[in-house]
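Structures follow.
The two complexes that follow have subunit A in common; it is paired with subunit B in the first and with subunit C in the second.
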Partner chain A sequence: MKRVLEHAVRWLLTASGFVTSAVILLIIGFLFTEGAGLFREHVIEEGYVLALNRDNPVKEMSAAEIKAVFDEDIVSWKDLGWKDIPVETFRLEDIGRYFTEAELGPQYEHAGSAIAGLVSSHPGMIAFVPESMIPQEAGLNFIEDSTISFSEVIAGPEWFPTATPAPLFGMWPLLAGTLWVSLFAILIALPFGISIAVYMAEVASEKVRNFLKPVIELLNGIPSVVYGFFGLIVIVPMLQRVFGLPVGESGLAGSLVLAIMALPTIVTVAEDAMRNCPRSLREASLALGATKWQTISKVVIPSSMSGIASGVVLGIGRAVGETMAVLMVTGNAAVVPTTILEPLRTIPATIAAELGEAPAGGAHYQSLFLLGVILFFITFFINLCVEFISSRGKVRNS
Partner chain B sequence: MEKIEARDVNFYYGNFHALKGISMDIPRNNVVAFIGPSGCGKSTFLRLFNRMNDLIPEARLEGSIMIDGQDIYGPDVQVDELRKNVGMVFQRPNPFPKSIFDNIAYGLRVNGIKDREYIRHRVEESLRGAALWDEVKDKLNASAYALSGGQQQRLCIARAMAVSPSVLLMDEPASALDPISTAKVEELICELRKEVTIVIVTHNMQQASRVSDKTAFFYMGEMVEYDDTKVIFTNPRKEATQNYITGRFG
Partner chain C sequence: MDRNSTGVKAGSPSYPSGYSRRKRRSQNAAFAVFRILSIFIAAVLFAILGFIIWKGAGVISWDFLTQAPSDGMTSGGIFPAIAGTLLLMLGSAIVAFPIGIMSGVYMNEYASKGWVVSFIRLMTNNLSGVPSIVFGLFGMALFVKYLGFGDSIIAGSFTLGLLSLPLVIRTTEEALKDIPAGIREGSLALGATKLQTIWKVVLPMGMPRIITGLILSLGRVSGETAPILFTCAAYFFPQLPSSVFDQCMALPYHLYVISTSGTDLEAQQPIAYGTALVLIVIVLAINLLAGFFRSLFEKRLKMK
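Presenting the complex of A and B:
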């Protein structure tokens, strides 16, 4: 009976281990397949074409150029490699400006040939129309539709996932926003975190420590939306006043909130590392005539460096992946940040904010998964750093 | 005036009376060994000489300890200055996780010496003094943890000697070492006595008889007997000492 029970327990434990691993791998696999699907999507919206006059030799346009053309940022074909003819854009909704309902027929059955004729008679026209509407024999040129390219996504400077005819999935502003906010968060949290850790490990009496430590660990238990709310109500108006900003929602607000959120991790891990510094090392230092501060700065901190670094990197990991609080206070403008005082948008905030409005299976939807993949790689890299740093510490301390 | 004079020293850990009325004179450039069973207070007494026991909360001292005629527990004593003058070597080798060079230079640097040439010179001198120079001169920048246990302990002795103390306290310095390393450390003690007064705590009676001029036997927080090593080991006056050194208890 005992045997059977032991077997059952062992089997149960093994099974739960494997099931969990399998689920995790499936999630990652799902993330990757969905994300990679973006590169099979076409630049131009599915079922549509960009039709040109037969004389127009332009064959290829990037998504950014298409957007610029339809936003009227590019007004001459010269910029696209033809001659100096003004660009005229045509969208289906403009059809009323050119034709009467009678010309189009009651069922719009003449619309296709009408548009074809319009494009044929306007050398500078580019028309964004459904592919099925244009008659085969119309003799128009079409922009070659390519799939979305990797470099345009990773390094693209513009994030306009809902733009027509060609959405822009440049993730650089989001990536830069994420890194920028995290960097400042760590720059703020690091000096405070280390000071608190040193204070708790070396200076504070047992009583003070027993009070402080649970309080700081309590910070870990506060839901991030509460931090976001606090940031929105307190930090954002404060920054607006102090720096005289038009809006207080800025990267710095996000960094401050993240710094507060990363503090407990940094403090707890760094403090543990310092307390684990062997007493024999402290005694050796003191016995040589070093003062307490010399001992802390020259022996305790260097010898617990790997632990401190792990704490910092874990703090960064938390900052990079944090969603809600950042979403609430950073202003969410998807532009490449140049200062920390302007609004910016992070990867997790983008996913949270846009997933609800992206049609499932579409390019926008897949691009959000791709953002998830990027985030996964960032945190994966950070975890690798922690592993590396702490394993190096172990080798040295053994 | 003797190098170290302890008068009516009583020491308490909280309510525990760890040292009971100990008075002792330690002459200059002597090696004095403290022997006795575990928990007899010999290490506690040793650690009073460089105020290492200050770190223990709720510890209390009565009586006085003078080094060179100065009360080291006096109000105007700088503990770090005192510790610079009274070096210490611990039971287990405890080099810093730094290079061999930086280990030795540490004491000089924390005492405000910046002259690189002088530090280099002192490092070499200390390592030679600890009979370690020939073994490490080509790898001064290697981690001290790369050395063997015996080498690490000699490194710790060199580190303590680098700041030129006049007293060296050794708390069972060879108990974690193999016999060959132990012999080297003992040789070193005999060399170092020319420069410093050495107080050594040891569990090893042969060691005490080999290296020390005087020996004190501690038992249950009291100093039972203190005399020339020769007398203690050949003709002790107290029965407890006799019993201990012949191995009948302890």
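Presenting the complex of A and C:
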């Protein structure tokens, strides 16, 4: 009986030991299955076609071109590889402009043939209509509907997931926004983080240290929405005044908030590393007549470099993944940032802001899961870096 | 120690004159910079706390804490949000604590040291680095959609529980690691089985530190918004939830919605300050509690 219990407990403990690994596998599995579905979706909204005049030889258009055509950024077919004929767009909402209700019939039963006739008589027209409406024998050309391509998603310069007829899922602006805001956050946090870590580990008296340690822990404990709220109420208007910006919600506001949030991680890890620096090294340096500061800068910091570096990398990971604070203060404009003072949008903020509105199972929904996959792998990579850096440090120190 | 070392006269002729004064001056400058930056950060913390306490204190009243929001969230209290946050903390504790402690015990007491432990530790570290919004996506895909819980307290609790798991595991492991092997061996030598040793000797000794870790993980859970955005949180759900399959309001989410969207941002602002203050007070209380347990533990250790 006792032995059975021992064995049962042993198995239970073993099983729970592998729970984290299982969760990671589940996260990868679920995010991937949802996210990969995006590449099976078609560029043009499901059930719809883009109908062209029979004379129009254009066969393929990318999602960006379709959007440009319907936004009237492209006005001539010459840009799409045909002759110089103005582009006329037609959406179902425009039907009242061309036909009276009597022509369409009380149940709109003639609408399909009416549209087909309209497209046949206008050589430059492109019509975005439901596939089922167009009669088989209409004799129109259609834009070939391809699936969403990988390169257009990863490197595409425009994120416009709700555009019709062809949503744009270019993730580059979001990726750039994430990296941009995190980079500045780390640049701000780094001098503070290292200084405080050195101060706490080497300089401060026990009393000061006992005061600073809870301060850092509290900074770590304050919820991200509270930082976001503080940023929104205090930092955003302040930046607007100081830099004379049209809107205060900017990358810099995000970076400042993220810097405060990443700071505790950097300080804790770096301080730990410096405290673990062997006493003998320190004493040898002091015995040679070096000052305390010389000892710190020439001996302690170099020897605990791997720990400091892991702290910084962990801080970057924290900044990259932070959602709520960034969502509240960066203004969420999905454009590739050129300065830090303009609104930008990060990957986590995009997921948080848009998942609630995206219909489950649609291309938009899947694209947000794909963003999740990208985010997961960025942080996964960062963690592996930390692991690598600190294991190298251990080898060197032993 | 430093005074003496810097005060040594540069006896050797190879030192340029004034070297010892210069090196002391650069030390003073560097330390002054460190001190100023540290004070600055402490000031930032107190500015944030002070600002929220100053603005929020006037809002807090008995009604604010015990009433549901009314008039399209422009007046009334935040009671459902407080209750929801406490429920989510409880739910995530039920999910994370047993599994996390067992996992920590396995890593320290059972697993063969070597690749198994380092693999699990790697995975645990990775999991703790996963952004909270990814947990939200995962919770939505697995608990809300795949298992069919819908937007519910149970889905939110599982998501938050998995999020706090790495913290629980790590603190458990660290608490047990510091218990001397001799104590285990003593128990085993008296004829106790391994399980008895863990249950009667190892766990009780590690308990204060484990509890500190558990409390801190609760603090983390109480402030998380992103994981519950799509798994649990309700914009407006004025009554108390009646089952674990109900949605609920939560303080962090409530703060987010009333400070960024709504019918009348001006009128909502006092409520936002009040909500932020309640949230901060919960976090402060949890940190104090954890600190109390830690000092209790240190005192006990000193007595031995």
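Going forward, the second predicted complex is superposed on the first by the 388 of 398 C-alpha atoms of A that agree within 3 Å, B and C clash if a C-alpha of one lies under 4 Å from a C-alpha of the other, contacts with A are read in each partner's own complex, and residues count from 1 in each chain.
Going forward, contacts are C-beta pairs under 8 Å (C-beta built on N, C-alpha and C of every residue); 3 or more make two chains touch, one makes a residue touch a chain.
Keep in mind that what you see is a predicted model, and the values were worked out from it rather than measured.
Student: For A:290, select first, second, both or neither according to whether it touches subunit B, subunit C, the two together, or no partner.
Tutor: Once the two structures are laid over each other on A, A:290 reaches both partners.
Student: Among the partners subunit B and subunit C, which is in contact with a greater number of residues of subunit A?
Tutor: Answer, by number of touched residues of subunit A: C.
Student: Determine, under the contact definition given at the top, whether A:237 touches first (subunit B), second (subunit C), both, or neither.
Tutor: Touch partners of A:237: none, neither subunit B nor subunit C.
Student: In the superposed arrangement, does A:278 touch subunit B (first), subunit C (second), both or neither?
Tutor: A:278 contacts subunit B only, not subunit C.
Student: Touch check for A:105: first (subunit B), second (subunit C), both, or neither?
Tutor: neither
Student: Could you say whether A:302 touches subunit B, subunit C, both of them, or neither, answering first, second, both or neither?
Tutor: A:302 sits against subunit B, while subunit C stays out of touch.
Student: What is the shared patch of subunit A, the residues that subunit B and subunit C both contact?
Tutor: Overlap of subunit B and subunit C footprints on subunit A: residues 286-287, 289-291, 294.
Student: State the interface residues of subunit A toward subunit B in the complex, per the touch definition above.
Tutor: Counting only subunit A, the residues touching subunit B are 278, 280-281, 283-291, 294, 298-299, 302-303, 396-397.
Student: Applying the document's contact rule, which stretches of subunit B touch subunit A when the two form their complex?
Tutor: 50, 52, 55, 80-84, 87-88, 90, 92, 94-98, 106-107, 109-111, 143, 145, 156, 159-160, 163
Student: Could you please specify the touching residues of subunit C with respect to subunit A in the complex?
Tutor: Interface residues on subunit C, with respect to subunit A: 1-2, 5-6, 8, 23-24, 26-27, 30-31, 33-35, 37-38, 40-42, 44-45, 48-49, 51-52, 98-99, 102-103, 105-107, 109-111, 119-120, 122-127, 129-138, 140-142, 145-146, 162, 165-166, 169, 193-195, 216, 219-220, 222-226, 229-230, 252-253, 255-256, 259-260, 272, 276, 279-280, 283-284, 286-287, 291.
Student: Please output the residues of subunit A touching subunit C within their complex, sorted ascending.
Tutor: Residue list for subunit A touching subunit C: 2, 5-6, 9-10, 12-14, 16-21, 23-24, 26-27, 30-31, 34, 191-192, 195-196, 198-200, 203-204, 211-212, 214-219, 221-230, 232-234, 260, 263, 286-287, 289-294, 297, 314, 317, 320-324, 328, 348, 351-352, 355-356, 360, 368-369, 372, 375-376, 379-380, 382-384, 386-387.
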